[in-house]
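Quick heads-up: structures coming right below.
Below, subunit A partners subunit B and then partners subunit C, in two separate complexes.
Here is the complex of A and B:
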């Protein structure tokens, strides 16, 4: 469960203060598939970064699985990120020097799994996204859709409770986007909570919950029925 | 994780091979230049007889001209008169004592097939061999009684024995030296102390001699002395007048076991000089000195100033190379900011990333160190060719210097890598991930 209460995030430069989030309140329950929409600069990505412990907040309360995130140091935040959160980015963010096996291996290394377990997890997750046969390929040898699948495999390898996706289909054509979206739905049905930032209203409708962020606030909350998804 | 860091570093080095090669070359050049000069200085200033250098003392007495002091009064003469050295020998106040001078001789082999040899020689006392731990293959040095009785005995070095006797045991055989028959009593093994501490008046880095004969035979004119000779007072005609003169051409060493022995010997020297003053000698103020091996080498400035200057310049060059490496590492690591941000998102802490990139720096340092070792090896060959025989034996990298080269390279690169690594680990992951 993810709970944010009165979260504020202020970016401060010498002359200007920018309120990226203002009294941001949100609860994400176990198993939710939450889509976050909103205009550019509304604070969607800032919210996602704070939710993913990639950025700190100025004030407010943030509990992740009951743990007060504000009290964690860098090591604690890194550990929690590694154990509970998986990321999928718009531009895939695979490490170009490493093959698919080694890319999926990265979070497992930081988790401290032994070689056997790492291998099993890598193979299982690449199998899950349909790329087990290409684990020795470099990312540059794959299409955009395939690269995003690898990124999803990497995100899932540590069995995270939350999968945070920032415009996961933004760099894909519609066919590939559908495939990736179907994969995310499948992952959600298997129990992983997904928070997805998107500009695409059609994709947003496929989530079980949709919120709209505007001027740093959750301005609209809409519950979408399971039938609507189908 | 260490193996993982090494693997990632290796991939990164190969992937950015141009930049990595530049860094490796910069470090290699710096280490090569530094280790070349450090090696020369290290070997020049090495202790040639570490286990007893504290017990061996070079004796100096100031018998020089009162109106024109030796070395402008800074140091007593670096050699001793024949009179003083023979007097000190006769007194036998030290545990061991040795008077010596350089000599040269012509050996006429008994085998007519072998041409006469001109050899370098050392005229010394019996204690020379035990004092300086000279290793023997066959036989031994001569006895003190051989000194006293002016026996015509000789010790050959291995090379001379190989030339004359094909390496066989020649002890007991007779050999003609400068027209006189000498009995061979010993053959020494290869013995090349560097610096050649026992006589630096004729070159601290010269080879040791080919034959060794009793010092007393010089007075008997059975052997010809050579080496440096300085006189401040005219003397009469003939060799006997020369021996009785104030000319300095002998070196005197004593072995003293304890500090008490040293103090006692110094007191003896002072008493000796006081006594000599009564004969009108030693007009200068009392300045008798006992210098142990390392003090003597330092006093005689065995490590030349230009060698020290070269080393200082090479170290500065290394610093410049490292500053370049800092810049290149900074460019490389900041270029990896998106990857660093991603690794943070995937669970790497800043400390973990700091370790990872520092190990990458260390790998570059290790490669630079190996290149530097090779360049130092070439540099030492160059120095040997440039300075010729005087640098033979000095221009070699020993195990200690090889290890030092790698350690210096690693430490220097790690220091150079700290700032770029720290900067790289300060990247904001959120910003980097969005920017990709």
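Here is the complex of A and C:
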């Protein structure tokens, strides 16, 4: 479970103070598929960065899986990211010099799994996204949709409790976007909690919950029934 | 986990930059090791003992311009006066100064004749006070007696019948047992017999670059010349004090001469090895410059690589890499590039050394020196990459979600 209470994030430069999040309150339950929408600059990405422990917050309380995130140092946050969170980025963020196998291997190495276990996990997850036959290919040899599938396989390889997706279909055409969304839905149905930031209202509708972020606050909360999606 | 396989595969897809740095490291290693080797070789040359009591000896040139001068009497008078000055141990007239760069050389041969093998040696013309004045140690045989000393007239080719040689010279004459040289008669100037009556521990020739610099011989000659050198040994620690006293003594005892070039043996040694010292300084500068250039090259490549991979580093951090793991990635990557450079460099260093050995008759490079070069280059590499690696480690994981 992810609980944020009165989270504030202030970016401070010499002259300007920007409130990216203001008294941000949110609870994400296990198994949720939460979509986060909102206009540009509303604070969606800041929320995702804080939720994914990529960035610290100025004040407030944040519990992730019952752990007070505020008490963690940089190493603790890295460890928690690796163990509990998987990331899917808009521009895939695959390492261009590494083939698919090695790309999926990256977080597993940080986790300290042995070679045998890593291999099993890599193969299983590439199989899961339908790219097991191309594990020796470089990212540049794949389509955008395939690259995003590899990114999803990489995110899932460590068995995270939360999958955080930042505009996961933002760089894909509609057909590929549908495929990726279907994959995310499938993953959610298998028990992984997903938080997805998106501009696309249609995609947002496919989540089980949708929130809108405006001026750094959760301005609207709509519960979508699971049946409605089905 | 050191990610060696991942780093290697990533490097293989971006070969050029890494290869250039590896080659730079290789070149630096090859040059560094051989330059240090040359410096060591020169240092060893400079550290060779001349055999003299260098700290307590000096010499001067006595130039007579007066006419109606009895050189023989004059020489005896001067030496007597110098030897009897308090603070002076002994003094001699000598034809050449060790390490000064100018002197005499002759060759000895086992049998007379112009087609026989000879061994060259520096020749010092001295009297029976030479061992004491020079501060050399007689390790076998005997010294000249006063009766052995002959006057050498200018233009003569006649040599006295006795000589004292250095141990290095004796070893050259009798490689199996140098002591066999004592009492043996050799031939100088092809046909003139000369008997070895004593062996000195060491006395270097005037030419430090000569391969036979350790081969010297004393012959009991005094020279009847208007231009002669006096070699003077003082009591320990009194050289600087005695130099002006002797200069004044000689100058005041006779106004028809000039006393000049009052010089210590230490100055002569310094002047003698000036070129070697300068070369060593140049080589040291080359080593430092090359190492710095390589270090800066590594810093440059690492910074470029980090700037190019900012988002990638952010992504790695997002995927769970700690700051240390990011730092270690770049240090391991640099270590691998250095390793490639070092392997090529070791081969290059040995190849250059083989060429130096065959061309300049130097000794082969030692394993220790290669090891030193290898460790130094790895150290420089790791030191150089430390700052960029720390910078990389500071990249925020949030970079992964930004457009960089």
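General observations
Throughout what follows, the second predicted complex is superposed on the first by the 230 of 230 C-alpha atoms of A that agree within 3 Å, B and C clash if a C-alpha of one lies under 4 Å from a C-alpha of the other, contacts with A are read in each partner's own complex, and residues count from 1 in each chain.
Definition applied: a residue touches a chain if its C-beta (ideal position, glycine included) is under 8 Å from a C-beta of that chain, and two chains touch if they have at least 3 such contacts.
Because the structure is a prediction, the values reported are computed rather than measured.
With subunit A as the common reference, the superposed partners subunit B and subunit C clash. Judged by the touch definition given at the top, the superposed model places A:98 against both subunit B and subunit C. The larger set of touched subunit A residues comes from C, when the choice is between subunit B and subunit C. By the document's definition of touching, neither partner reaches A:146: not subunit B, not subunit C. Residue overlap on subunit A between the subunit B contacts of one complex and the subunit C contacts of the other covers 45, 49, 52, 54-55, 74-75, 78-79, 81-83, 87, 89, 91, 93, 95, 97-98, 106-107, 109-111, 154, 158, 166. Residues of subunit B touching subunit A in their complex: 1, 4, 11-12, 15, 338-339, 342-352, 428-430, 433-434, 436. Within the complex formed with subunit B, the subunit A residues making contact are 45, 49, 52, 54-55, 74-75, 78-79, 81-83, 87, 89, 91, 93, 95, 97-98, 106-107, 109-111, 154, 158, 166. Taken in their complex, subunit C has these residues touching subunit A: 1, 3, 5-6, 9-10, 13-14, 311-312, 315-325, 396-398, 400-401, 403.
Chain contact summary for the complex, subunit A toward subunit C: residues 45, 48-49, 52-55, 74-75, 78-79, 81-83, 87, 89-91, 93, 95-99, 102, 105-107, 109-112, 138, 154, 158, 166.
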